[in-house]
Amino acid sequence: MSEPGSPVLASRTRSKAWTAYSADPLSVIGLVIVVAIVGLAIFAPFVTPYPDHVGPTGDFAAMNAAPSADFWFGTDVIGRDLFTRIIYGYRLSLIMAIVVLAIATPIGVIVGLVAGYKGGWTDYILMRITDVFLAVPPLVLAMAIMGFLEPTLLNGMLAITAMWWPWYARLIYNVTRAEAQEGYVLAAETVGASTAHILFREILPNCWPSILTKMTLDIGFVILMASSLSFLGLGVQPPTPDLGSMVADGAKYMPDAWWLTVFPAIAILLVVLGFNLVGDGLREAFEAES
Amino acid sequence: MTGNAPILELDRLGKVFSADGHSVAALDDVSLAFTRGECHAIVGESGSGKTTLANLVLGLIGATSGEIRFDGATLGRSRTREQKRAIQLVQQNPLSALNPRRSVGASIRLPLDVHDLGRRSERDARVASLLQEVGLEPEHARRSPRGLSGGQRQRIAIARALACEPELLVLDEPTSALDVLVQARVLQLLQRLRQERGLTYLFITHDLAVVRAIADRVSVFQKGRLVETGPVETLFSDPKSAYTRELIGAIPVVTEAEAALRAAIRAGAPVPAGAE
Amino acid sequence: MASNTLQKPVLAIRGLRLAFGDRRHPTPVLHGISMHIRPGEKVALVGESGSGKSVTARLAMGLLQDQKRVHVSGSIFFDGIDAAKGGPEIARRRGNRVAMIFQDPTSALNPTFKIRGQFRDVLRSGDRSISNDEADLRAEAALAEVSIPDPKRALDSYAFQLSGGMNQRVMIAMALANRPQLLIADEPGTALDVTVQAQTLNLMHELTEKTGTSVLLISHNLGVVREFADRVYVIYRGRIVEHGTTAQLFNDPRHPYTRALLAAIPKISGGGLPDLPERSPEFESPLIVHEGCGEPTEAFA
């Protein structure tokens, strides 16, 4: 009766997913970029040459210095090391992205699960609300919110969160609608399981691949969005190092002090690209797994 | 046959589905009684109403007219926990019936937790013994359903239904997705479980040969109506309705004895009882 | 029906092997199977899921060869070519020299086009110069042949507007419209009700008799095979295990696997369920060929 097979099947499918992931060189490049950026951000105080340049004061002896052995990416108008500030900028961006997604994802996932499983009026009301949010262009919505609120780090995150959860609601709604047709949901119902059990213990685990993939892709996009807001002066305020503000400030000194704009811009590009490559790789790996 | 009071009674049961101004009677004025401990087959083609019947009995949809009685008490759409527990389902497709992201053990343990059956500390042991009861190993509890065969998965689905300690099992084409040799083993298992546990089966199928092998009584449905009901032997020796004859006449058979029986039924002649 | 063993086979498969996966760790699916079909013959390949019966049909149609991670060896002689190599030679013959009928007729037809357009395409693959009017006339005649009550209306319908049984008839009419030498029927009607399935098989039987088309029937259902085929190959886990005429195989099954299958099928004449294993090393014992059913020895191609 019993078939020969590994008793630890879970690890076998996991390794299958890893094989699929590592087979694609772009996914591996993405992972290297992400690991490098996250590592630099976490250990910023130890890996940056001038950790005290985070604040409002720099090295006045080296204002507007071009890239050199001392200052790899050059310095800004008050002599702060750009490399140091970019790494700290990464730190802030990553924290923002994580906080935004940590709030937006659960809201969106719960709305999507309930609407997708319950159907009827619940579905109609929840999804129409979601659609209203989705209908407004994200940056416009965030700018509108920021227009009412003071431009602070916290409010910036709030604005981005408000425009982010509907995407998760839509995604999880669609996954839930499909999963609800599966026999295992019917089985849980006939066995007498509660709605909470069916939503969170039966359907949610099957949403994880979609959620993880989207979150990974979104870290890059949230960083981009936050940078756009601060580029417009609606986000983080000086002297906190922020990639978007650095690009904006540096733009005034183009093309003479080109490094002030080019390096932060490349930094944004790199982090968005890295998370995107990892997200795409994850999507394909999850597909290979099932 | 047995003098028992019926465990399940359908009394003039009807279900009408309506959409866009059209309404279709999926089940039309059906009265049937299911005796405790028997395997009662519900046979029909697509659109016969057999799935609607199962959904009504399980309480997944509500009836338009008529009544369902279980153990003498009327069953509506909203049911007590106890009423839910007593009627369980085994589905057709074993690939979708188990959650791919939960272990086999978690799936079987769910009903024990939901209905608070047995002491918490003993539930894992209960899962192991259920696995053994359906012919699997206790070690299967730790595995994912992925990578298990269709037959193994169907056994797990049966174990999950049994975990509820049900009285009535609705078997919805439980072997039609399985290979012939696996089907034979699963049918044997179902036969054995019914005897050992005194279960009553509502066995939905389109396969009359399976009916002959496992059922005591059979009811034939066509377009929502009950066209014939009776003991299995009678149905195959002297089918009353033209539709039943047509159904039996269309079955592809593998032996001369079957071909002879089928030819007689097609011709409309009663077959002597016990003819092989 | 006893076939003329002197006529050259329409289809001859020799030592066909198939494996999936990368070259270092291929998963073998077919372990060198040989079979043949002579003109006008109906031959069944019967086996359980995963036995390799459907991939054999797909290889014969040249539908698998061009995919990645598919390794094929051996040969499939058909219509003067070796179809095992795949490529444009066999592709050109699909739909006119060799046609296929699938398990689920509704999903095999394109839902976005009316039957009329799909039928014209089929007829055009057999005769490029055919005009629309001429094609429609032939399509109507073909649909009338499969007892579709109102062929004109059927031609103006989409597949989803017709019943499963009607779609199956349309599929059969299309498949036989160009009078192919060979029809491959993969589990025909399995997705349909028994009564409709029986009609489908009768229809296929009648029409192929009339046109002299050879049939390769792929099925898991021994009952269907017994009703339909002249000769039967039983396949188990990528190997042919028994080969004989339908009468030989059903009256005198010799291979342990065939015997187990026949015993395990519930019978309408009654009798209990046998106590048989789902798997057994016995099932993998060597091929048994019944009298007069050897593979042809002549050279092809």
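Quick notes
When the chains are written out, they are named A, B and C in that same order, and each has its own residue count from 1.
Just so it is clear, a contact is a pair of C-beta atoms (placed from the backbone, for glycine too) under 8 Å apart; a residue touches a chain by one contact, two chains touch by 3 or more.
In this text, all values refer to a predicted model and were calculated from it rather than measured experimentally.
Relative to the C-alpha centre of chain B, the farthest chain centre belongs to A. Per-pair tallies of C-beta contacts place B-C first. Look at where the CA atoms of chain A average out and do the same for chain C: the two points lie 52 Å apart. Centre-to-centre spacing of chain A and chain B amounts to 49 Å, using the average Cα coordinate of each chain. The distance from the centre of chain B to the centre of chain C, with each centre set as the mean of the Cα atoms, comes to 33 Å. Under the contact definition stated at the top, the residues of chain A that touch 2 or more other chains are 1. Among the residues of chain C, those touching two or more other chains are numbered 278.
The part of chain A that touches chain B in the complex is made up of residues 1-3, 5, 7, 9-10, 12-13, 182-184, 186-194, 197, 201-202, 205-206, 208, 290. In the complex of the two chains, the chain B residues touching chain C come out as 45-46, 150-151, 179-185, 187-188, 191, 206-210, 212-214, 236, 246-258, 260-262, 275-276. Those residues of chain B whose C-beta lies close enough to touch chain A in the complex are 58, 60, 81, 84-85, 87-89, 91, 93, 96-102, 107, 110-111, 114-115, 135-137, 139-140, 142-144, 146-149, 152, 157, 160-161, 164. Interface of chain C with chain B (complex): residues 48-49, 193-195, 197-198, 201, 220-224, 226-227, 250-251, 260-262, 264-279.
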